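Sharing a structure, written as structure tokens. Questions coming.
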């Protein structure tokens, strides 16, 4: 009967904490949103599922070997860990705190003790280490995104890059917002946290995950969930702002047909962008370097099989593991926190401000040029959220004038927004990284 | 605290400033590049025309498809299917 | 002429041991069975080839850097290793024994010495570390299997889950068999070994490899070879047992046509299964979690490109490295042993008992329901070996009644067997892991 | 030795027991789930019918294929081939 | 304003060294050759792009965490590194020198210090570690090449293996050339360097990268660039040599049509080759083992999905990372060196000698057989450079006789050259590794 | 220095020697293998003939394609396209 009791005492029902139950419910909600409401399902299905896996009681899938050893708290193991980490007390909390701030050599020593005691890294912890802690997964996905991006509309009308620049104001305004929340004592964000939260406004999943993994790994789960959720909500967040800031006649502006862009221009653009990054902002080099590499593979026409793999098998494989890894950060103690609420609120504000700034920038450009060259509706596409935001521009444009197809025009600021937020990411990594 | 605020403000000013400077330079250099390309290495007109053709022709591909094309398509499809 | 002598002394012919020659022959036999007899070729071709590679004399492909250093036995290197491992003697055997039981920190120290002396991990050793020791490969393959599995027939007739449960008796009976062999002194299996051997009866390659890698890595080669070989032999092992335990009229039972199963049910099933695992048996969470994740990707309909990659590029890549890694465990000193013979004998008994219990369970269910709802031939499919066992049920059914197509009915217990053996695996990991 | 035997026996009893308990719960919960789904979110009959159609229609696709379909298929095949 | 200054002081323009600028220009030239001149674009696009990324000032993408820490040279970090590495001076150059020659345990200690100080491995450094330093990428690509290789023409006329043997003389002659350059004091190559340079003459990218990564990692960039560039130049390098060494009538020789080769022969050939490698040259086992494994997957007909993945998704993924990793070795201090010039000159000589020896061997074989069985033009294909060299043989043959299609006949020596240079690689690894 | 030269020379002599020995053995064993295969396990002539057929027939596939094949191709193409 001992064994029966063992089974029961080790079961999930016996051990589940209210926080874990709630997080599993949140995972189910994410799956519901992804599957039924089509919220960025490619990411939110793995993230939601990973979140459920991470909160299975006693399974420790998102824990390192040391965390698992501390969880089961055998006295002799704790003593060994305490000695490896150089703390006097063998109290689990004290050991855990020491582990989290340990130097790399103490970390290695503690891991050796845990492994020797028969504890292992959880599956999701391993995925996270390989995919995100190494920085590889967001970069590889960004390469794939580059291989899927057509810069033709941007090259036909390079001025739309300014719209992509203006929309990044959402990022930095959100940083200030997070700072304000901290200063008023409502929450407690460091400047690194604030920067990582701000990048949600960039509306670019891989960029947000990359920045968060460098600046604020403890907020990564909430940031990634917010970023992808709001990207999915773009068709709801943006239209009221766009309508409020534009007049009917502005929304009716017809834009010139885009000129034909030659193959050579498309090949040279990623190289040009890379050189500019190299000369001005080396900290953005990993992100924009991989993005340009993907785009060059796409456009150069001589490595189609590599480009094809980057856009399909490779990005799909990495997406699966990136999603599960992000999900591993949806643990109750990290996610069920006032800070997460702050992140969610700040994130939607970031999207709103970015949208508004894009639209206003378009109006300003029209003023300065003294003409009606740009329909301000395409300004909102500058937040990126490719290609959803461009589709929203197109849809609102069609409402005002059923003959006015803005999609291709909006693709320019749309992809400009990707570049813009990668540049903003580089600035943040440079200043607070 | 003041420190955090000033850091946040600095990040905003320099961040947005840098984003604009960077993208302005990109606008300029892209413009120059496009001009140079179209001056010194213009896309051959004939080639560009044919390059644009398939896209335009695609919807009517069925109508205009002669027997040769049919054979080619089927051969390809059969190969794809059998492989 | 020195160099010529060097070449000769370092050649395979000069160094080959009878064991290595025999193991290479066994590798060739596996290739023959896979290629000519179609024995689970997707696994047995890589396993067989890996087995040959692992036994190439002097190449040390399946050895770690330390094992390679010990093999070449330079006195100064052995002295360094002995000091790193804390043994007095620099005798190769003593050093090797110390290495095998070393703590992780001693292991790291010994590896540093070996690398500093210019020895490297063999290629297959690296593959094994990444693919199997990390636990990743069997789990990723199980995800792919989930993405290939249609639970429709099971959902249409959930009671067939009992058939999948009954067939797992083969697993536990085999554990007892292994225990009996140990107690009579014929062989020397620990309870961990016995559990890992028993799982062969689960007729599920990834589950068997996962359990063996956790409980009895030294038996992994023999267990994997036995598991895949017997799966290929299902059309020979099962029919006599099925015929012996059923009457002609039982074999003629026609089953009701399966009801249509809605998309929503198929989406909810993997989530339901996951929650049940989370609440009852966290130790089965990695296996069944990945399986359910794969199945959810398949059924949810919004991440087809991920599902497609999980079923193709990803599972193929992982299969190649899993197979080669398993092959790396086919070294003479581990495989050419009485124990391997024991494993092979116990494995076939496990399959037989599982098959019998599945059939008998079906008969029992008919008795208890007082009707002829279930053709007992589909009970044998409960061992899993998807989809071979279901096809066998169909074939024997057609012999009794040429109009009786049991295939879809047998798919229910067939996939139930996958769940059943993963649950059994979780219990074993919990109790003896 | 006795220890090994008792461990083996325990493993068998609790293992098989647990497998049955688990799968019984799965049978029950699956049944409940299916009932709830079919009660509150039944598959739209019309949609299910059309969903089942293509499979049935596939063998006769050639016969029933009108020109539009032919064009679509060929366009797709040509694109696939040329890409 | 401090931040503005910071940005400027950290920018690429402020920091770029002439060497970096030159290397970025060389990267652009490689991209130009790959994209416009079609020089082995599958490798040279990633290599060229990786070379540019590696030379972005201050980004440190090709540096390890320790190298990055040394580059930024904070006194307290340098002191920590110096102590970890056991050097007295905290001078950056002294620390860097100590790091490069450090034992593995000192290396680990230094890495811990650098990570604790907030420095990280560059992206390309990580790619290099995983793809090349582990040895995995060239081997996996070789497996894919095996899966793409049809040994039919070779099996129909096995004597063409001699042509593949003769062409390897280019490799060993180049080794002597490198030795001569060293002895005359012009350059300073060790015997390991000389061997790695010689393998360029094998005209096989993966083999060259594998050997260079083992014998001379500091020359890997130059060797890989030379190998792939000359492979692309085969249509220019070979024809004059082929014409000079053959008479018009020799070039007109028609060869017998190749006999049909059965499936069984094709299946047995990779196994035969593997066994021969195992018995004679275990050091060639990783390369030729993976090659034979790929070929067996192709020919056995029962694992088509694995073979397909090895030829497509897997080889493409690995090629991307292999290329970027090779590019990471194109740093100014390693590439802008007289030695690179030596490597480029020796490489083209190697190709020339290999070509000549292949042709002369064919003529010798005709002499010895007393007939005109072999058109000497197919001898040049023995250098490998599959399938370019075989196409060159065909083209020169057609010039002499428009009815004389040599392509299939040249494929025999062409694939024989792959085997030949892998054997040569094994000999070198054995003798100087 | 002399050491380097002698090492280089030795590498050349033994390297080329070994390459030739190895490939000679491969020629011999391949020849033996092929003979044994063709003696004891000859490829069934009929099968070989059909196996070679498709390649030859491919160019004329369009011409000889009867309706059945058309249907099969289209069904496959449609499936490929819709999936």
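Chains here go by letter, A, B, C, D, E and F, matching the order in which they are written, and residues are numbered from 1 within each.
Here, contacts are C-beta pairs under 8 Å (C-beta built on N, C-alpha and C of every residue); 3 or more make two chains touch, one makes a residue touch a chain.
Treat the numbers as computed from the prediction; the structure is a model and nothing was measured.
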Message: Treat touching chains as neighbours: how many steps, at the fewest, connect subunit B to subunit E?
response: 1
- request: Please state whether C-F or A-B has more C-beta contact pairs across its interface.
  value: A-B
- line: Averaging C-alpha coordinates per chain, one finds the centres of subunit D and subunit E separated by a number of Å equal to 48
- prompt: So, what's the distance in Å between the C-alpha centres of subunit E and subunit C?
  reply: 38
Query: Per the centroid of Cα atoms for each chain, what is the distance between subunit E and subunit F, given in Å?
result: 24
Query: Can you list the residues of subunit B that touch 2 or more other chains?
result: 10, 14, 18, 70, 72, 74, 77, 80
Query: Residue numbers in subunit C touching 2 or more other chains?
result: 3, 7, 280-281, 313, 427, 431
Statement: Seen from subunit E, its contact residues with subunit F in the complex are 155, 158-159, 161-162, 164-165, 168-169, 171-173, 175-176, 178-179, 182-183, 190-191, 194-195, 260-265, 268-269, 272-273, 276, 280-281, 416, 419-420, 423-424, 427-428, 431-432
Field: For the subunit B and subunit A complex, residues of the former touching the latter
entry: 1, 4-5, 7-12, 14-16, 18-27, 29-31, 33-34, 37-38, 41-43, 48, 52
Field: Parts of subunit C lying in touch with subunit E, wherever the complex brings them together
entry: 3, 6-7, 10-13, 16, 24, 28, 31, 34-35, 38, 41-42, 45-46, 49, 52-53, 55-59, 61, 109, 111-112, 115-116, 120, 123, 126, 312-313, 316-317, 319-320, 324
- prompt: Along subunit E, where are the residues that touch subunit C in the complex?
  reply: 103-105, 108, 134-136, 139, 143, 267, 271, 274-275, 277-283, 285-286, 289-290, 292-293, 296-297, 300-303, 305-306, 308-310, 313-314, 427, 430-431
- line: Within the complex, subunit B is touched by subunit E residues 3-4, 7
